[in-house]
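Just passing along the structure, written as structure tokens.
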Amino acid sequence: MSSTALQAHNSTRATRGASLERAVEVLKEVIDAPIASYFSSCVHCGLCAEACLFYTETGEPKYTPIHKLEPLRRVWEREYTLLGRVKKWLGLSKPLTDEELGAWRELVYDSCTMCGRCSLVCPVGNDLVYMIRKLREGMALAGHAPPGVVAATRRTVEIGSPMGIRWPAVAAQIKHVEAETGLKVPIDQAGAEYMLLLSSMEIINFPEYLSAIARIMHVAGKTWTLCSEAFEATNSGIQIGVSDIARVIVARVVNAAERLQVKTVVSPECGHAYFALRWDGPNLMGRPFGFEVKHVLEVLDEFRVQGLIRTEGFEEGRLTFHDPCQIVRRGGVIEPQRHLMQMIARDFVEMDETGKYNWCCGGGGGVSANEEAEGLRLAAFKRKKAQLEACGAQTLVTACANCRIVLEEGLEHYQMALPVVGLTELVAKHLAQDDGRRQDEEG
Amino acid sequence: MNALEFLAWVRGPGLDLALAVFALGVVWRLIEIYTLGRKPDLAPPRRVPAASGWHTLWRRMLPPPGMFRRSPVSYVGGYVFHLGLAIVVFFFIPHIQLIKALLGLSWPGLPSPVIDAVTVVTLAAMVVVLIDRVRRPVKRYLSTFEDYFVWVLTFLPVLTGYLAVKHLWLPYTTMLALHILSAELLIALLPFTKLFHAFTAWGSRWFNGEINARRGVPV
Amino acid sequence: MNELQERLAWRGISRRGFLKYCTMLASLMALPPAAGQAMAEALARARRPAVIWLPFQECTGCLESITRSHTPTIEGLIFDALSLDYSETLMAAAGHQAEQALKRAVEDNAGRFILVIDGSVPTGLNGAYSCIAGRSNLDLLREVAPKAAVVIAMGSCAAFGGIPAARPNPTGAVAISEIVRDKPLVNIPGCPPIPVVMTGVIAHYLTFGSLPELDRLRRPRAFYGETIHDRCYRRPFYDRGLFAKSFDDEGARQGWCLFELGCKGPVTYNACAHVKWNDHTSFPIESGHGCIGCSEPGFWDAGGFYRPLSAPAGPLKLAAGAVAAGAAVGVAVAIANRARKGAARAAHVTATVADLEKADGGER
């Protein structure tokens, strides 16, 4: 059998279910020039470990980011370097085994939130999180994604949301919000300027978000809508690392937004949802979108700059802001939240390492959905705990529902009494009720 | 083979061979690495990505905030031995003569006592960096045979160069020949070891800078 | 007063001057001052071991150096006075008479004479490249050397093969030490060697009955222990990075270091820089030319006299080919990689949630 025929045979055999062969094939697909350059550049200096809270908080060298990428490096070396091919041919290098991939699950999923901090410090410039994302393609197709993340992904694909929420639950929330605010929540309204997405977490745990948006949009005088077929912003496909599944999930939003002909899709207070739609989305779909994607913080800051919203009064006490990695370091929304914080807080302090250098809450990248990782996540939280203690904040503000849950659990675990609030809600809370535009006309 | 013949060999055929292996390896590996391609990023960028890629080339010369404190030896040792190597390699007059003979480029060199001092500091920094590699759990954990081998490969030319200039241990002619030989080993193996980061680190930084600048994050 | 002192006195050199010379010799060889006196006495003794000088494949430069570099040289006079029993060049006799003299000298002094040889030994064509009176140098050396007490290889040709042995070495020239393996042998390399080194070695042998301390290349350590560079008066310019860039630039006029003009001082072990030449007048570097390393083995083939020591010793023949070969290998690998990646992409089957677990129930 020729090697091509063998390959074809292997891939046929590998079409159903997870398998090592399929994993290797998909890794061969995703390995590209940046990855080859990154692996060729690594000098084993170990500085990426110093940027990873799973290493800094546990002291375990195995959590060094570059080490987590070893399976990917081996596939690259064996498949795409001449020396690696020669070694393979001479029998000097061992092929990747399923057991090894299995052993790496803890490193690739449990102890990595894809926060991307390591990518920021590598002296030779390696974008490590870029590689983790690609390695997860293979890990997942080898059947080595954590059960919790697999289950969340299945629910997202089959039910429509990682937490298993269906439209009726959202409709019930909407009724509640309409009663509370006295404002109409538009549904499936074609031609609206903004189409709003929600995260499951917001629907179940933080309904305040929807009412905050309803009030802000009203004051700003903007048309907006929810979509009954695409209300869920989160994308477990991105977290588990399977582009094919992520594409299915993101396509729901893209198709709905294009059908409703909205100008802008607003990603909610959720980190990876923004990344999935704004940065990965067009690449998953293989085309640019007919609409813009913005994070709600960007939208609020635009309203502020345009004078569409104003606030009254300030929050009591000292406030700090936790930067959600996927929105800030990975998403590029760095300044808006700081302007908005200034609007509602008199005593706003930054944590010691903040903005693009922030430390993760410890629950991103699917870790919060992964029961097996709970111990690690709580250990990693010690970093955030120390940061919070050092800055002396009395209220912790953030803009990601997942961060918020993880932060609340961490604070509870370490018995810290610190309220965690979403920034959108705070802005809504202090929203001046008079119409911003009218103010401008009078002034 | 007597010492002068040995020297003539390393200066002649040896150098030719080492430079040939180096050139072959560099061209081959650069093509091998950078032709692997990548998909175009279809998400509308926030910034001019390529410019930020170039910026990252320089930005990564400095430790990011908070990092120096976490691993001072890596940074101090790393800076000292990289800069030391650069000074010794590119500003010792006989080395400039070699570059002039090879490429036709030349520039003023530094006086011998300065080079001597820099060499000693460089050697010391390399020893410190090695000790750090052995003692620091993460570095020890990551280290393979290649890491130690490459350390020796880099250390030897500096050491033999110093011994030759200072007339220590072996007669100058022999030591000089050993120095050149060790440097030839270094350049011949550079494309095939992690030393190749001397070439690819720039590409890596550029990619990282370009990829993240699209999202509006100068990394 | 013996014959030597008479000769010296006749040429205007006093006994005191001769003694001073011997003391200088002793000090050059790092011997105690008393050794100078002993040397003077040994040189002046009426009965000394005979000296036989055989010229092989050579240019007579070595002999010229000793006898005619300037007038008068004490070395030359001493040399004259030594009982030179056979020297083609110096002796009055010629033809059969000369051959007869050699035969007699060897027989009369068997086991006791000092054999001085300048020139290399051609071994090609069974030694036919250099013959005296129909006999090859090789034959002659094989016959005479076993009967000598000690052998002095005078000059770079005798010591290391020198210019005759330079590539491509058409005559198959070799050093004396290649042929004479079982006699005390001292190499006095240089093209030519410094005269005082010659007298120093002979005086040492006459005085102490032994050769001075030798290094690995059998050179007297006292004269060949340091490099020209180490003792060069221009060394401070090297250390400060001040170099002449051409033979007529400002740097050359200022007397700066000649390293960039190809000076081989750093790899040349010899005494020129401190003993100097022509009655201690000067040496090549002082006259404005770099050292060519003439006393080192293989100096002729050491990469060019005017090429800096750190520059490549020869043309780079492989580099251009290597770049092309690298490009060829790189392109071949690139094509193979793209094919491999393309195959993986073509074989891609869209993943679904069913593919997140192994079909057979997997590991869990």
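Assorted remarks:
Each chain carries a letter (A, B and C) given by its place in the written order, and its residues are counted from 1.
The criterion applied here is as follows: contacts are C-beta pairs under 8 Å (C-beta built on N, C-alpha and C of every residue); 3 or more make two chains touch, one makes a residue touch a chain.
Please read these numbers as outputs of a predicted model, since none were measured by experiment.
A summary of chain positions shows that the Cα centroid lying nearest the centre of all protein Cα atoms is that of chain B.
For the interfaces A-C and B-C, the C-beta contact count is higher for B-C. Rounded to a whole number, the gap between the C-alpha centres of chain B and chain C is 38 angstrom.
A straight line joining the Cα centres of chain A and chain C is 75 Å long. Shared interface positions of chain A, i.e. residues touching 2 or more other chains, are given as 31, 80-82. For chain C, the set of residues touching two or more other chains reads 329, 333, 337, 341. Residue positions 28-29, 32, 35-37 of chain B each touch two or more of the other chains. Interface residues of chain B facing chain A in the complex, by the touch rule stated above, are 28-29, 32-39, 41-44, 46, 56-57, 60, 63-67, 70-71, 74, 78, 136-144, 147, 192, 194, 196-197, 200-209, 211-212, 214-219. By the touch rule above, chain A contacts chain B in their complex via residues 31-38, 40-47, 49-51, 55-56, 59, 61-62, 64, 66-67, 80-83, 119-127, 130, 278-283, 285-288, 328-334, 352-353, 356-357. By the touch criterion given at the top, residues 160, 217, 227, 229-230, 238-241, 243, 259-260, 266-267, 269, 293, 296-299, 301-303, 307-319, 321-323, 325-327, 329-331, 333-334, 337-338, 341 of chain C touch chain B in their complex. Only residues 4, 7-8, 11, 14-19, 22, 25-26, 28-29, 31, 79-82, 98, 102, 140-141, 143-145, 147, 150, 153-154, 157-158, 240, 242, 244-245 of chain A touch chain C when the two sit together in their complex.
Contact residues on chain B toward chain C in their complex (touch as defined above): 2-5, 7-8, 11-13, 15-17, 19-32, 35-37, 93-95, 97-98, 100-102, 108-113, 167, 171-173, 176.
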